[in-house]
Amino acid sequence: QERTSVKIGYAVSKTGPNAGGAGITTIPNYELWVKDVNDAGGLEMPDGKKLPIEVVEYDDRSSSEEVVRAVERLAAQDEVDFILPPWSTGFNLAVAPLFDRYGYPQLAVSSVTDKAPDFVKRWKKSFWMLGGGHDYAEALAKVIADASKAGTINNKVSMISVADGFGIDLVTAARPAFEEAGIEVVYDKTYPAGTTDFSPILNEVMSNGADTFVAFSYPPETFALTQQAQVADFNPKILYLGVGTGFPIFAKNNGANAEGIMSLGGVDPRNEANNAYRKRHEEVTGKAPDYWGSVITYASLQMLQEAIKRKGLDRDAVSEELSTGTFKTVLSDETKFEDNQLRQLWWTGQWQNGVFVGIAPEDRPGASKATLPRQAWKKN
Amino acid sequence: MLVTALLSGLVLGGTYALVAMGLTLQYGIARIMNLAYGEMIISAAFLAYVIYTGYGINPVLGLLITIPAGFAFGYVIYGVMMKPLVARARDKASLEIDSILATFGLLFVIQGVLLVTFGANFTSYNYLNVAVELFGTNVAANRLLALVLALTVGGALYLLLTRTLWGTALRAVAVSPASAPLVGIDVNKAARYAFAIGGGLAAAGGVVISMYQTFTATSGVVFTMKALIVVIMGGVGNVVGALSAGLILGVVETFVATYVDPGLTLAATYGIFLAVLLWRPSGLFGRRAG
Amino acid sequence: MNGKTILAIAGFIATIAALAFVPFVVGPYGVTLMIGMLGYVVLATAWALFSGPTRYVSLATVAFFGVGAYTVAVFSESIPYPLLLLVAAGIGLGVALVVGIATLRLAGVYFVIFTFGLAELIRQLVTWYEVNVTGTLGRYIFLPITPEGIYWQLLALAAITFAIAWWIGRSRIGLALRVIGDDEVVAVHCGINITGVKLALFGLSCTIITLVGAIQAPRWTYVEPSIAFNPTISFLTLIMALLGGAHRLTGPLLGAVPLFLMFEWLSANFPNHYSIFLGLIFIAIVFVLPRGVLAFIEERWTLWRRNEPVSGRTADE
Amino acid sequence: MLEVSDLSLHYGHHAALDHVRIRVGRGETVVILGANGAGKSSLLKAIAGIRAPDRGASIMFDGRSLTDLPAHQVLETGIALVPEGRGVFGDLTVEENLALGAYAMRARAHAAESRAFVYELFPKLRERSSQYVNTMSGGEQQMVAIGRALMSRPELLMLDEPSLGLAPVVVGELFRSLGRIRERGLALLIVEQNVRMSLSIADRGYLAEAGRITGEGTAESLMNDKAVQQAFLGGAA
Amino acid sequence: MSELLTITGLTKRFGGLTAVNAVSFSIVRGEVIGLLGPNGSGKTTVLNMISGHLSPTGGTIALGEETISGLAPNRIALKGVARTFQLVRGLPSLTVRENVVASLAFGRRKLWGEEADREALRRLEEVGLAGRAEHSAQDLTYIDQKRMELARALAADPELLLLDEWLAGLNPTELRTGIDLILSLKERGITILLVEHVMDAIRAVCNRCVVMNAGRKIADAPTAQALADPHVVTAYLGDAHA
């Protein structure tokens, strides 16, 4: 019989500890994309026909066992045409064997892993879109080393990291990268996720002479660190914080004090497609997207959409197209995978004039120039 | 350095103590093991957020709205949900089981409502995030407020419970609910008020925390568990116990972070908690296990 | 052994045998569903093995579940699979005995929260160890085990658990546990070595729980402490057992199966209002079935059979 | 003053009380005698409002119906119960137990006075006023229970086996104290196995058997009754 | 004549309070000894130390030749010491029969299965509770619970039986039955240490009495003589019994 719709399913953390992250980077973009597509009449097929998207969504409740079961349900029970990936590195890995077994392409966005080159060999239809720890660490090392060479700052760094997969991946990549770049790490500690009080750490690092403070942190700690650094009047010349720095609420809460703070991700402020995307995201979902994963999530969906337009609903063909094709997305007119990984990324960004702009890699078109040193906190 | 660490520890512990005192009343006196306690805290945090960002009322002033709201919520919940359970309970253990199960359900309802209203996002705002200098150390005013509030509330509750007849009656309900009617205490009413006061305290804790901590609709359970740890470490139903346990945990965490390794702070928290129980199986101020 | 017992045993064996064929009928999603469900059935039954009669409500479930999962993650490359399970069980038992000895003096809610603290402590220590000693966090499990394989292993574990629980229920040690649950002072004065009995049962219960974690872990591919030591597991296990009726053999089963299916149904059909519905249904169950699912079924059954009002109490409460 | 009629009480199917009818006059001392399990304790609990009796019962006190009053309100009308097993607040001190005895509105204003009386009656309690009750001996706890009941300034004091577990010297004192309490115009309703002692201070008595009242009479007539002697005074010296 | 129980210098302190102060006495096999004293004089505390529920602050307790002070209660129970509690401790979630089986199964007899059930019934019959064997223990009246406790203690097949106010609360008729029961136990050769305030019973069953006051032993003599001791009269009996 005639097909009247395309079934797209996803399982994502709507509740539990992961809901905060998924709720900013993943869910709004899935919803925005589905709305955009359906408002335009549906997903376009190679024959030009448009089929509306029918969504099947589950809440994985931030549990590995649930996410595995939910994806199996999408594949085996609901027999959806495509599955969108869950949020977080761990969950993307948990479901990767299932995507592979059922032959679904997996466009893993919210997952930072240095093992991506191995994974693409193990799971041929998996795509890794947020880079690995060493990418971010090396870029950061270069930013610091350049500034140090320029005499803007000294070469000492204090560094903390959250004790979970993300924080450890980054910090283990950062250590050799910093050493290579001739940066001296004078403080290097890991704190457990859920830490709310950073005053002991700040008290330590305030007096150790490092001009740079790096925290590979998660949103609640990123926010707490920003607040507590202001209270402590701690003013490192480079302040680099982890996930959450690019969240709209960060700018809102810190106003002018966000200026100069660095983190992972960023945008090219002159990229019109991206600016339009940000505007539409805010209009449709009621909130601005974050400056790191959001736009990539949306871009991954555009790639999928385009691949379907070129190849139809044949998942093998779509995967093949994703691997080899070039796509026009909100990221750039020529977005494409290299060995199933997205490499055109902003490794380091900085708040400049109310926008979190990409500053590294600095040779990438659209890169902004880092402003250093960071201004001291303004008292409010 | 030592003074700084001690002060930071006390300030951090103030938050723990503040959050735990309401629970110790609810569990110690009303005998309701309230697993939805953290959700009550989070609800108050959202309420404070709304009245601050939405109506421009500052959260400290907002306490005048949030505390009565918490009290009223506790009062209603006890009347509607807990009273029938208490009435049918055959003994302490069965009430414990029933209240665990029922408040587990309540936890999900509150969480669900928060999720639907506010979404799953990280929520945070800055208020009173200014430095106050104390003994040469900068302390955040909002955190200091938590400590001050904890000490005031703790002191007031202590006096209420030990120096007034009504407070003694509340403790009597706590230790032998079956005997309380024999001296003319309306157990139901006493428990209801204890539960409601606990609700008010949860609200106060939630408001203060919202000024400096990021929260989400689903982060309540963290507070419930932290509060439970403090309550148990202090001795069930003992306000002074909750206050001291909270402060001790705060100081231990800070000292470990300063002098040992920030990575071990939570391990130290749990370690010290376990050690206290091994040394005193009914908590610091507890009198025999209940 | 009387006729009824033999019939019961035969029924049990037949049920297990029938369940073993399920993967051939239900398809992959069915198997996944059964794995999740069986996992909780075993967890709740093993939990109730100790916590039911003694009323020592434990929240340490996930500590052992996580130890099982982590052991598999750490040694999956270096130790052959069946041996891996044995090693996991051994580690679980060892931890259980240490924990058991530590908790001997604690009673009531102090025990409950102690066990919770303990699970968190273990998680923190594992995290700290991984970060500072091995320098990684998060491990990969690439074991060639199919979902069906996991299902059959869990089924076997379930069968063993039920057999043990059944045997304990009618053995001396079962009575000893109930006496301990009622009054430990009387128990020692009756000559019961309560330390020994408690340790033995706690160890047994925790070993089974460890095995559940070990068996299920290969499904996740990636394990890190926040995944393996997710405290929700402890809470759900406890809730399921209590809801079904923790002091009977089939109580935990009757709590785990409906609850599990309810979770699944709700999250599939109301992904956005799941929490609210779940909470409301939960509260309703507590009010409608004051003494657990099993007691409710039994009461209806007696009512129907004898057609007369049931008395207020049954012997087992 | 107290009029009880048609009082029945069931535990499940088991009838503990069956249409019981008793009365206690103002200032009167009444004992209830009866074998183990006769329902004596159940009767006192029903009057005190701790156990709800079956429908149709009537419990009148000073012309007021107590039938549907909860226990804490019954106390306010002037009836106090010293229950079997004492019902003291073990985790509170003696002092606090006594203070709570005067929790009822009717008693608060007179708390100091009542306390002085209790301490005079049981000097040991004054010595131990800050001891936790659950660390006291059985007899000491009994004193706390009686003292606490007196603190509520009852008009009718009900005692369920007050001499249980007390040393003879204390039992002697207790009954002397009860005699003095009685002289203050309090009515007493006593359930006791120490029949001789209790009858010696009583005005009247009831015989209870298997949930029913099977006899009544003045203390004197009961003391001399052959059947009573047989059943309750025994052959023992 | 052989001593079954020998207590030497037994002392127990609770914080600042010395509940039992250097008490020594012994019990010969087959005797029934009364342990008397005013409320709070330390009688229950002595029983608690003998049964192992409390460990002594000082002094020793020997059963036959063997020192038992400091052993765990279950070890002491297995050596043939059984007890009842002043405030009854039934096992409420078990049936009356199971209450008794508990001590048959883990005590010295190690009976189990039908044999244990039969033996339990026999014990319950002895105390007059056979009719309620299948009832839940919590439905019993206070007195019946005491009976059940005695049946449980007897089921342990004790050499030394510690009764803490087991006769309290019985009416005179019941008391008679109770006394007869204790006498029959004595016939069977069970050694009994009886804490009791019911003088009629003491006189009827005890060969000898140890009297305590404020933690100290104030008398240790054949019953009639002990009860006539002027110290005992003032401290314990009061004028009425003089």
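Going by the order they are written in, the chains are A, B, C, D and E; count residues from 1 in each one.
To be clear about the criterion, a residue touches a chain if its C-beta (ideal position, glycine included) is under 8 Å from a C-beta of that chain, and two chains touch if they have at least 3 such contacts.
Composition by chain, UniProt nomenclature: B, C = Branched-chain amino acid ABC transporter permease; D, E = ABC transporter ATP-binding protein.
Keep in mind the model is a prediction, meaning the values are calculated, not measured.
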| item | value |
| --- | --- |
| Co-neighbours of chain D and chain C - touch as defined | B, E |
| Farthest chain relative to chain B (centres taken as mean CA coordinates) | E |
| Label of the chain whose CA centroid is most distant from the centroid of chain C | D |
| Which of C-E and A-B has more C-beta contact pairs | A-B |
| Mean-CA-position distance for chain E and chain D (Å) | 29 |
| Gap in Å, rounded to a whole number, between the CA centres of chain C and chain A | 37 |
| Inter-centroid spacing, chain E versus chain A (mean Cα positions, whole Å) | 75 |
| Residue numbers of chain C (touch at least two other chains) | 124, 127-128, 131-132, 272, 274-275, 313, 317 |
| Multi-partner residues of chain A (at least 2 other chains) | 14-17, 163, 190, 192 |
| Shared-contact residues (touching 2 or more other chains) in chain E | 139 |
| Of all residues in chain B, those that touch chain A in their complex | 1, 4-5, 8, 11-12, 15, 111, 115, 119-126, 129-131, 138-140, 143, 212-214, 216-219, 222, 253-254, 257-258, 261-263, 265-267 |
| In the complex with chain C, residue positions of chain B that touch it | 27, 33, 81, 84-85, 88, 90, 93-94, 96-98, 100-102, 104-113, 115-116, 221, 225, 228-229, 231-232, 236, 261, 263-264, 266-267, 270-271, 273-274, 277-278, 281-283, 286, 289-290 |
| Chain B to chain D touching residues, read off their complex | 165, 168-169, 171-172, 174-176, 178-187, 287-288 |
| Residues of chain E defined as touching chain D within the complex | 14, 37-41, 44, 86-87, 139, 141-144, 165, 168-176, 179, 197, 199-200, 203-204, 235-241 |
| Residues on chain A engaged by chain C in the complex (per definition of touch) | 14-17, 57-59, 61-66, 68-70, 72-73, 75-77, 89-90, 93-94, 96-97, 115, 122, 163-165, 167-169, 172, 190, 192-193 |
